[in-house]
Structure formats: C-alpha cells, structure tokens
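Provided herewith is a single structure, encoded as structure tokens, for subsequent inquiry.
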Amino acid sequence: MENTKIAVIGGDRRMLFCAKAFLSDGYDVSVTGFDNLCENIAVKKLPLEKNIILCDKVVLPLPCIKGEKIFAPYSENDIKCTEYLSALLNEKTVYTSMKEKLLENFPALKEENVFDYSSREDFAIQNAVPTAEGALSIAIDNFEGTIFRSRCLVCGFGKIGKVLSKRLYDMGADVTVSARKQSDLSYIETQEYNAVNTYEIKRELPFDIIFNTVPALVFDAKTLKMIARNALVIDLASLPGGVDFEAASLYDIKAIQALSLPGKYAPKFAGEVIKNTIINMFKEETG
Amino acid sequence: MENTKIAVIGGDRRMLFCAKAFLSDGYDVSVTGFDNLCENIAVKKLPLEKNIILCDKVVLPLPCIKGEKIFAPYSENDIKCTEYLSALLNEKTVYTSMKEKLLENFPALKEENVFDYSSREDFAIQNAVPTAEGALSIAIDNFEGTIFRSRCLVCGFGKIGKVLSKRLYDMGADVTVSARKQSDLSYIETQEYNAVNTYEIKRELPFDIIFNTVPALVFDAKTLKMIARNALVIDLASLPGGVDFEAASLYDIKAIQALSLPGKYAPKFAGEVIKNTIINMFKEETG
Amino acid sequence: MENTKIAVIGGDRRMLFCAKAFLSDGYDVSVTGFDNLCENIAVKKLPLEKNIILCDKVVLPLPCIKGEKIFAPYSENDIKCTEYLSALLNEKTVYTSMKEKLLENFPALKEENVFDYSSREDFAIQNAVPTAEGALSIAIDNFEGTIFRSRCLVCGFGKIGKVLSKRLYDMGADVTVSARKQSDLSYIETQEYNAVNTYEIKRELPFDIIFNTVPALVFDAKTLKMIARNALVIDLASLPGGVDFEAASLYDIKAIQALSLPGKYAPKFAGEVIKNTIINMFKEETG
Amino acid sequence: MENTKIAVIGGDRRMLFCAKAFLSDGYDVSVTGFDNLCENIAVKKLPLEKNIILCDKVVLPLPCIKGEKIFAPYSENDIKCTEYLSALLNEKTVYTSMKEKLLENFPALKEENVFDYSSREDFAIQNAVPTAEGALSIAIDNFEGTIFRSRCLVCGFGKIGKVLSKRLYDMGADVTVSARKQSDLSYIETQEYNAVNTYEIKRELPFDIIFNTVPALVFDAKTLKMIARNALVIDLASLPGGVDFEAASLYDIKAIQALSLPGKYAPKFAGEVIKNTIINMFKEETG
C-alpha cells in the first residue's frame, strides 16, 4: 500500500499537513494548489493535470468546494469544475469531503469512485479532540474566573460532549452533562459528572459556562434566562446551532458561536485526522 | 410516587441495601426473608403474604430463583413457587431479575405485569463501576508489581471495558484496549489509550495484566502463548468466558475467573443500583 | 471577624472581585478608586479619607504602586503617596502587595502594621491554577497541533510546574518534567510523567511545546538549538525569565513571554485569591 | 558503572526482584541466601564468603536484621553477625536498610562505608505508589459500597497522602485531605480535593472511609465517635500508628492496621525501588 501515489489537490494548510502525514507514513505524495504559500512545504508540487494522471488516488480538500471551484486558497490559478477535470478524476479513486456538494459541481463524476471521509464516524471522533481544546481556549479567554471550580454545563453527550466534559472535569470544574437517553445519563454518572435530562435543563441551578453541542434550539430565551444569566455561552453545534443569540444579547449574556475549531486551533492535527481517516478507508477496501 | 408501598422479597444483603435505599428516597418499604440476618436492619419486616397484599409493587431479588425457590438465603422458611404466591403476585407489578427463569418457575404469572431490571442497559452501566473496582482489587492482590507502569490489556470496549480502562490509566498503567469497530478504535485513541483491533491481538507485545470482558474465546492457547506468558489474566466476561483456562494452566499462566463482582465487592452499591434502575423504570412508566 | 470593616483602595478589576468576595463572606466592605468603571459594581463606594477612617483594615492593590502613586486605573483622582495618607494608614492594619515598594513610597509608614499578601506561599500556590490555565490557552492558540499527543516539556517542578504538568497530562500530552533534586525527580515519576534532570535537559529529544517556569537562563542558545528547533516556547518565569529570546528569534523558534497570567486570564479568581490569602492572614493573627 | 559487581545478601522475594532489576540494568549480580526458593531465579548464586569477596558493592536486605541475624528467610543456613563477616564487609561499600540496627549487630563495622537506602526520601516517595495501591485494595475489599462516590478522608498530605488522594479522586471518591500547614491546605485545594485542618477534623461531617498516614494519635476515641461511626478506618502510619483501635472496637468501627504494604502487594516493584534508590546513591557518589 505504501507505494500508492497520492495527489492532494487544493485546500488550506490542513491539506498540506495531511500531505506531509501521508509522506511520513511512506506514501508517495504530490500536491497541487500551494504555489502562494510562503514556506518550505517539503512536499513535491505538481501541476493539476499531471498530478492527477500520475497518481492512484486523489484527495480533495475540506471544504471541497467554495464558490463553484475546488477550494484552493493558496493556488495561483482557480481550480474550476470543468468537464475535463471530471474526466481526469473519473480514472481514479477520489477521497473528498462533502461528497454531495462535489457531485453537484461535477455532474459527470462517477459516484461509485468517490468516497467521503468527512461523513465518517472515525473522522468526527478524532476531530472531537481539537474541538474540545479550542472550546477550552475560548472559555479560558472569555470567562473571568478559572475553569477550575467553575460550574460548567455540557449539553449533549455525543462525540464532542464526551471529550469536552472529560477535559473540564480534569481541570477541576464542577461538570454537569445533559443527555436524553437513560443509558447515557447512567454512563455520565459513572464518569463522575452530574447528569441531567436535557428536557429538564431549565430547572437546574445557574451555571458559569455553558457549552452546547446539540444542533437544536435547546437554549431558547426562556432557558437562557433561567440558567445562563451570568454565564458564558459557547455554541459548538453545527449550523443553525442551538442558542438564541438575539435573546442572549437582550439579556446581556455573552454568547459565542464557535465553528470549525479543528482547522482554526490545530490545523496540523486536523490534517492528520484526514490522513488517518483515509487510511482507515484504504484498510476497509482491502480488508 | 413516594407514597408507593414497596415489598422486597428475599435476596442477600444486596436486597437489604436496595430496601434501605428505597427507604431513604422516601418510599414505604417492607422486607420479607431476612429473619436470620444478625444485624439491626432498620427496615420493617413483614410475613410474605401480608407484605405482598399490602404493597403496590413487589421487588424480587438478584438472582431471583435458586433451586426452584425464590432466592432467600436469610429466610427462616423457604419461599416456594406456589400457585398461591403466583396468584398474590398477579395482583401487583413485579420487578425482578432474570424474568425468563421466574416465568418458568411461576407458569401462571401474568407476563405483562413482570418487568426485568437486570436486563436493562442502565443496570449494566452502573454495575460496571463496582465490577471495575473488584477487578482492580484482584489485580493489585495477584500481580507482583504495581498497576502503576504495568502494561495492561483490556479486551473489549463495552460498559466494563470503558470504566476499567479509565481506572487503569488513572493509576498510571500503560493501557491498551482492543475493539473491533473502527469508530471504537478511534474513540479509544482520543481517551489516550493504545488501540488494537481484537483480530490482531496476537501480534501485540506481551502484557503484564490482561483483563478480558468479551464473552467469546479470544484468549485461546495460541494467543495466551503469544502475549500472556508472564501475565496475570483476569476474565470478567460472563460464562462461558473468554479464556482457555486449561491452556493457561499448561503454560503456567495465572488466570482468574472473576464473576459477579458487584455483589462480592460492593453489595451496598449493588443494592443501590437495583433501586436506581427500578426508579428509572417507574419514571418511564409515568412518562 | 465578619463584623470587620474592610477598605479596598485602588487596583484594577481584580480588586473589585476581591472586594465582592469579602462581601459574600459577610464582611462590611467599601471601595475607593472605581469611579470610572462603567458597570454596576455592587459594592459600596466611599471617598479615600472616609473609607480609611471608618474601616478596621485596609487592603491595597496588586501591584500596589505605579508611577509613585497607589495603582488605581479606574480612579477619577490620583491617589498620591502623601504624608497625610501615610498618617491615616498608620492607624490601621494594612494588607498590601510588594511591601518594600510601598514602604519606599511611604517612608513614614509603620512597617509593623503592614503585611504583604503577595509574598506568601499560599498566595503563589493558588495563583498557579490561573497561571496554568492561561499557559494552556496560549499553547492551544499558538501550537499548530493539539496538546493531545504533543511532546511537552515543563521546566521546573515548583508551584506552577506541578499544576501545569497535571493539566497537560490530563489533556493527553506526553509530559516530561525537569527538576534538580532527586526527591523531586522521584516524585515526578510517581505522577506518571517522564523525569529529567534540568542539568541534562540538552540531551533530551526535541519537544513540541516547552514551558519554562524557572527564573534562570535554562534555555540559552545551545539548549534551544538542541531541543526546541520546531517547538513553541512559553516562558512563565518571572523577569528576567529563562529564555534567550534573541537566540530563539535567530533560529526562527516561536517564543512567548507570558507574565501576570492570573490577572489577564482570570481576574475574578485572582481577586478571590487575594481575599482568601488575607483571610488566612486574619486566622493566623487570631489563631 | 555497569561493570560494577554487586552482591545481594539475604532478604525475601523483594531482594530477588532487586537483584534481577540490577541484572537488567546491565550490572553483574550474584545472590546469597535464596537456596530454598523453589523457582528458577535467573540470577547467579554464590556462597556468602565468595560473593562478598568477589563483589564491589554489597546490598543488604529490607529489613536487614531479624533475630540478631541477617534477614534471610530462604537461606539454608543462618547468616550470623560474626566478626569475620564484619571484616569481609569492611572491605566493601555496603548498602543497607535500617543502618543503626545493622551497626548494633556489627559493632566492628566501619560506619563510613555503610549507606542506608531505606532512610532516603526518594525511597519513601517511590514506595508511596505500592502503598497507595495496597490501601486501595484493602478499601475495596472491606468497604461495602464502592470507592466511587464514597466520602473519603485522607489524614496527612505527605508522600503517601499525595499519591493516595489522587488515586481516590480519580476513582470518583469525594476526597477530603487534612493537613496542618496553610500552604499544604492551599495546595490540596488546587488538586480539587476538600481541605481541612487536622486540628479541626472533629468538626467534619462523617466519612465512609478514613485513611490515616500521620504517626500520631489523631483518631482518638472522641474523633472516631464524631466522624467514623459508620466508617472503615485504615491506618497506614508507621508504628505506633494514629488510631485508637480499642476505642474503634468499642464503637464497633472496622479499623485495619495496614503496614509494609509495598512488600505485601508489590514485591517486584518494592525490589525495583531498592535498586532505583541505590543507583541514585551511586550517581550522587560519582556525580
């Protein structure tokens, strides 16, 4: 497998770190679209066409499309979604994020050759780590007390909720986690956190810091008023999020929408996660 | 709900702790079958018939049946599975362990009135805590080194595997956890443990202590020979377990079958878990 | 003790939090020097003279003196170090930071009435918590990977080193701690970190993030070159610090001088620490 | 240094593990006094006289003397404290435990050649780890609930108190630690435990499990009555200990004297600690 030739096309610094991670795993990697990055990137550069023709597998960036082009902020030339590019890609296996959006922009692309790394569970689980670190940093920067001994609420016990609540607990916070399923609530208690049913969150005592991970309007005006009057609220849920920001502003509650933290706080790790996930996909194909 | 009258019938000291836990939650509780326990039990005792007739809900023990009778080691008289008892129970809601075995012994019992607390996920999750503590104690007592800096393998990342690997890691062990699903393996790594696919466990380096939680023969002769030559092996999986004990004996490997740890190491907690689970069941009924 | 009247004179928002913390402990508190702070401060304000005359104990800020005046950035009027103020203070017990500097500016102040909270060990220990949190935030913001699985060096195992290394370890870093005394090195190992003698730090493998807490030039050009070529270096030691920043710049190593983190990252906690420390001093006086 | 010839004389299985640990560090090791141990010990055996004459450094066991002889439970012949043995030892550097007792039994021994590993701080610090593990095991075995969510008191924040309180906290206990110095109390709070002054321990709420590490009568009848009525009490302090066992028995409190835990629970680790400590002594001599 290590002789596999991989072409990384476009993307921001995450994709460069992804390319380097493939390289240190022994793969033969070339990149396209990093002409304007003023650093010694230590990976071979090739022009678009040549890179795709010579490779076995193509890796497209996260996000894959921006403004109807392949996302490539460091590229000298736009990488447009042409029929010719589509034909080139059809000869290879393609690993991409946001597969549906890619197919919209390349209608002639053979769907069965295209695999989405960003929709996989192992991808999301690994990204929970940098997301939790970014959320911690935001909390430390914006809360006037310490995380230590603060009363924190983590709403949702999915991938991010699990890692984040552990980090907060380890830093000495008084951690409450909300969930809906009884088995989750029991598990939360074995982790030494306080457990509360998300439906009953309003009846809790006020908190110092509230982290939302649930993409549903849990923190409406009424709930904010009951438990967040002096709190810092950090919404980590993907859009449309779970916090009524207008109500927060009305009640003078500091509320922060925190999106795409892995790319912002840990581009190197985020790139390595893409590489790890694609390698897991390789294994499943051959395995 | 707190006016509910609860009759706890039979069982060992766990059921007494269960009764006391109901009592401190404000329920009206009476027990039957603790005549020979030489301690001040602080819970009201009633004769079998009276206890059932007066109560709203009956709690049967864990295990519920032993030798075709209700398990009641501290009872002066056997509690036999008579038709009359069956008729009494049919007037009430019954919470039991091992429902199928109960129904075998009471063929006239109305199945729709009988609920099994021992088959629920929240029951199993809570019991993972005393199971992990018991496993730790067995490891400390039987391993000649310390848990600290020992190389531990936890096979299986279910309820017990999750709690146990955290305990070992917190005590300074070098923890490897095996699982089969890629998403579990990714999650294991976010917890800072080493992850290994259960199928490839044979290729690992040798360990000092191996904890098995998987009820399938993972540790056959060949695997034991490869990774357990100087190890202590503790099998926590329910019968038939996951360790070839004969092979272990042949290779002079110390292997321990460790079953029913909550009752042995933490009867008070085990009783409280039964109470917690039944209260969760009450909540779901009333919705 | 709770009837004690306390006058808090000057300071930034930390001292306001300090005043509030005294208030919630039941003390009778008045502040001077917060005229220009545009928030409802919830503490009684009094003019300078009146505040001192009416109180039992005076609390001066951290830092106590700036530009030959009492540090009071939110005061409408400067609080000058006059003989009259000195005479007023001489009637009371005074709790201050940086006692020597205060006495320089108030030569007539009776030294035996003045107590320094900022030089105490319990003060420094409590402040290690917000210092560690601030250092974490700086590291998360400036390192391209995650703290998780990064190779971190904490130089020095004093108050800050102890808390910081625990935080890093709990976040999944590979933590090495340096110290000079054998008993410290043994203790470091019981905490599950790697231990290295500070004298031999040069021989270590390279690190991703280096935190210095030792106020001596440990990280000279040579050491930086050996172990920090691709590292982020964060110097937490009080001035003159322990890092050759010129050499770091020469080698293109990102090095950050991080001072006074409690006030910057957790002013509320920093104010509470001042209150806690002064209350400890009260206890020792009466005790 | 690795060419140094080391003679390990007497002792129980700890000393055998100590010898093996020297061996795996590359030293040339021979043992005397393990004739009756029925296992393949994998270390060279030599008769007493020859072993001492051929070696550079002699290691005596822990304890060193029992019944006026060198402690050697697995030796076929007693190792008596003769003048001849004294003369042999005088030609070498001797590493021993309990130096004073050795010198009493060998009055002709040159004191300046004899070094005590058991009185060193690094020895005590390392042994805190197996002591804490043994204490945990005793607590798990004897307490009817789980360590998880139990209310634990650790009396004393020295070497053992530090490691033990961390272990209990990590297992989910509600941990209170007592100490006398204000700086210790502040440090205890940064570790997220409850802090209480040892002098005021009587005023605390009752506990489930009490661990004493202070060799002074802290737990007299009155204190036991106040805070230990339903507790398990484990006394880890060296003799005479810190618990009034008669009073405990009178109040029907389960109290356990737990001594020499490293040797009982982790002989392998205990032997490695002796080796580590002696190597630290070597370094200091040459360093």
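When the chains are written out, they are named A, B, C and D in that same order, and each has its own residue count from 1.
Here is the rule we use: a residue touches a chain if its C-beta (ideal position, glycine included) is under 8 Å from a C-beta of that chain, and two chains touch if they have at least 3 such contacts.
Computed from a predicted structure; not experimentally measured.
Comparing chain pairs A-D and A-B by the number of C-beta pairs in contact, the larger count belongs to A-B. Chain centres computed from CA atoms place B at the largest separation from subunit C.
Centre-to-centre separation of subunit C and subunit D, using mean CA positions: 38 Å. Separating the CA-averaged centres of subunit A and subunit D is a span of 49 Å.
Once the centre of each chain is set as its mean CA position, subunit A and subunit B turn out to be 38 Å apart. Residue positions of subunit A touching 2 or more other chains, listed in rising order: 129, 148, 172, 190. If you check the complex, the residues on subunit D that touch subunit A are 148, 172, 190, 192. Across the complex, subunit D is touched by residues 13, 17, 129-130, 133-134, 136-137, 140-141, 143-148, 167, 170-172, 265-269, 272 of subunit B.
Put simply, subunit D touches subunit C in their complex at residues 121-122, 125-126, 128-129, 159, 162-163, 182-183, 185-187, 189-190, 276, 280, 284.
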